[in-house]
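To start, I am sharing the structure in question, which I have written as structure tokens.
The letters A, B, C and D name the chains in turn, as written, and every chain counts its residues from 1.
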Amino acid sequence: MTETLIGNFPFVAAVVLMGIALYILIFRRNLIKIVMGITILSSSVNLFLVTLGYRAGGIAPIYTDAPEGPMVLPVVQALTLTNIVIAVATSALILSLVIRIYRHTGSLDSKKSRRMKG
Amino acid sequence: MRQFFAWLFLIVLMVFLVIGGFEMVHPFGEPPSTMDQYIIDNAQEEAGSNNVVGAVVFDYRGFDTLGEATVLFAAVMGVLLVLRASEKKEET
Amino acid sequence: MSKIVRTVANQLMAFVLVFGLYVIMHGHVTPGGGFQGGAIIASGVVMLIVAFGSGQIKKFLRERRLSLVESSGALLFILIAFAGIGTVFFYNFLVGSRIFGGIPPTGSNPGDVWTGGVIPVMNLAVGLKVTAGLSAAVLALALFSSGEEMEE
Amino acid sequence: MATLIGHSSILIIAVPLLIAFLTPLIGMASKKARNAVVIVSLAFVAFLVFALARDVILNGIHIYTLGATFPGLTIPEGTMVPVRIILEVDGVSVFMGIIVAIVSLVAVIYSLSAMKGETGQNRFYTLLLLMVGGTFGMVFTGDLFNLFVFLEITSISGAALIAFRTRFADSQEGGFKYIVVSAIASLMILFAIGLLYAQYNLLNIGALAAAIQYTMLDRIALVILISAFVMKLGGVPMHMWLSDTYSVAPVSITVLLIAASQASMYALMRICFTLYGVTLDLAVVGWIIIAIGILSMFIGVTMAVRQTDITRLIAYNCVCEAGFMLVGLGVGLAVLGDVTALRTYGTAAISGAIFHVINHALFEGLLFLVAGAIFYRIGTRDLNQMGGLGHTMKFTAMFFLLGALASSGIPPFNGFASKILIYESVYQFNPILTIIGIFVSIITLAVFVKAFFSAFTGASLPKYEDIKEVPKSMIAAMTILAVIIIIFGLFPGLVVDWIVRPATDALVGQTSYINAIVGVIP
């Protein structure tokens, strides 16, 4: 039990990071903090995906002058790459919307600017 | 009241996920790899690329990358649309 | 920003460009690729915006032009994907041909740029697209928050 | 022609994307050319969808492996699992494809005059095409991660389009809310995909369905997937975003947003019926979905009663109608393992739900277009400020009445046909559900009658004396939807036989979906 506990710690770290992100998203009212929450959430998912592909003692999956050893799984790395780009795109769009909202209402508090909470 | 439910939701979710994290069927460092091993073995021959991740991104899962590029394109278009100068009338 | 910062940023931009292009064009041999290289060059543009101010940058990086480059990058990407439709969409039709057609020996090897089929071309397309797209987005955000008018 | 149909599934997704990348370039040269290209390309895509639908219904599941040496090569030599992304188009996918094709054409035709005079039209049409392509991708793909990517395309372009009218603070907030909800939902979906990948090292839905064992992790993934997709389609615990976004977007976009929500509904069906299928605790999951459905019906209709804003009223009605579909699906899911019950009423419930998906998209679309037409002419959405519009906007009034009656399930319109299917089959499962459903329908009718009277009848107000009927292209868009609604209402049997029954069979027949991927070992 203890061995799996220590061995599986990377997964739990990703989950804890996700918990922090969800805490921010649920309890914080500042729009910028909500954006941060989404970014942390996506980082936690990225961390989870990358840890999924790790092989003990593995090397990067690139054959150029590769040393001996098993290669870590490439597909999750591709998925992570995709998700990073998507996260960048999302946060760019959200930030531009936040700027617009700030121009209109002069406030970053979601209680003031949004008609309904949520 | 709402706070209480939010906390409850968060704690229950976290407990489940942490248990899930500990109970991963395949422990850290020993993932199952039927699909990935095929890609590692054949990427050089099929895609001609030394970088296996590159081969996955642009060949095996190229359609995802098209989607990803489209997401970025959409986001940039969205930023430019949202931050456009003013709503002057466009003459047609 | 002060004159020192501006001069240094100006000089550094050349290195950033070269490094970005290197990462883009060696995407199929070493770690990297279109997205990463594009992001590097775009970060160079961000450095210039910080050093010179968005109003100054606007004069030679027009949004319309950036938008055009981005569309062309995306078009190039999807057209390469369409070119494979003789067999199947996204088919790597350049492997074994005369353009980027080399096939590396199986296993560990020193690496050769002339391999990868459509992968380097797609990397280039994506690199163009990401550079232009991210620069345009950052420029738009910077211009808008500094209160300047943007062109359509 | 055969090659065109062979490649049609990818063309349907890729052509809107290609034209979207081209649109900014064409738009710089000429606005007329841009509009023409957008319409022609979407018409071409619609044609391909119908051709593909005919092919799928006659010849079975359509497989397209991207990047392989030929489209049918799902599993390469030397391995036992699919490696590349595979598009798998079966009855349900093609059914959803038909919805998206109709709705996107209508939205573009409507936008032609509704958007006249606004700035940023190039980007508007670009994002619209991206959204259409994303929705097509969501319903056609056979790969979980690909589904996630297309979900993101749809939500990002959707959010940007919701915020299109930058002069209103409301629309910016609507866009913000939509993208926050979608980002959270899609990241949770990606987390669940990671959980599935960790156990089976697969991303293909068919191959995963063959391998799935319903372990503890699978249950966690299932819970996350169901809640995320319910969030995306506006089911009740997470319905707040829906009215705020639907009411502020340009209406042609709202119509597409409905189609995107229906695509999330499709994803929910895929997850429950195809991915997990009979390994589920069918009764438990079925009842959970039924409970969400009943709650959506109740809360949707009670919130609709209180609204004075016409678009918010219709948006809450959307929540309510989504409840009907969820109840139908839940009943079908609850009896999936029981062959006799499935045959007597289970398939009928699923058919009703699926039929309601297309009807919902049609009549809610029509209602939103009408609301948009009113807004276009008088510049307000407040029902209390309207009155007597029926004198001058005759067509609009007629279309509103048509949509309202269809939505409340009055014969002979299409809403009746699908609701009666749901009522009859659900009655055999649990009579109380049917009674609730009929009750909710009656209140819906009352809500719409009230809205109709306050907007269109009565003495014509002096300030709206010189209001004219809306431009022709808006009338044309509404007419297309109205004609389809009437046809579906008059010949429900034909529609059920042609497109709904194949969709139901595809949803229930999990094995044929799996065999299409795994069974074809060269």
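Side notes on the structure shown:
Going forward, a residue touches a chain if its C-beta (ideal position, glycine included) is under 8 Å from a C-beta of that chain, and two chains touch if they have at least 3 such contacts.
Quick caveat, the model's predicted, so the values are computed rather than measured.
Contact tally for A-C versus A-B: the pair with more C-beta pairs in contact is A-B.
Of all chains, the one whose CA centroid is most distant from that of chain A is D. With centres defined as mean CA coordinates, chain D is found 23 Å away from chain B.
In whole angstrom, the spacing between the mean C-alpha positions of chain A and chain B is 10.
Taking each chain's centre as the mean of its C-alpha atoms, chain B lies 21 Å from chain C.
The multi-chain contact residues of chain D, meaning those touching 2 or more other chains, are 14, 17, 21, 24, 66-67, 119-120, 145, 149, 152, 156, 159-160, 163, 166, 172, 175, 198, 201, 203.
For chain A, residues that reach two or more other chains under the stated contact definition are 18, 52, 62-64, 73, 75, 79, 81-82, 85-86, 88-90, 92-93, 96-97, 99-100. Touching two or more other chains at once are residues 17, 20, 24, 31, 33, 35-36, 39, 44, 50-51, 53, 55, 57, 59-68, 70-76, 78-80, 82-86 of chain B. If you draw each protein chain as a dot and join the dots that touch, every dot ends up joined to every other dot. Those residues of chain C whose C-beta lies close enough to touch chain A in the complex are 29-31, 35, 104, 107-111, 134, 137, 140-141, 144-145. Against chain A, the residues of chain D that register as touching in their complex are 145, 149, 152, 156, 159-160, 163, 166, 169-170, 172-173, 175-177, 179-180, 183-184, 187, 190-191, 194, 197-198, 201, 203, 240-241, 244. Residues of chain D touching chain C in their complex: 7, 10, 14, 17-18, 21-22, 24-25, 28, 64-71, 119-120. Listed in rising order, the residues of chain C touching chain B in the complex are 27-33, 35, 63, 67, 70-71, 74, 77-78, 81, 89-90, 92, 95-96, 100-107, 109, 111-112, 115-119, 122-123, 126, 129-130, 133-134, 136-137, 140-141, 143-144, 149-152.
Contacts from chain A toward chain B in the complex involve residues 4-5, 7-12, 14-16, 18-19, 22-23, 26-27, 51-56, 61-64, 71, 73-75, 77-79, 81-82, 85-86, 88-90, 92-93, 96-97, 99-100.
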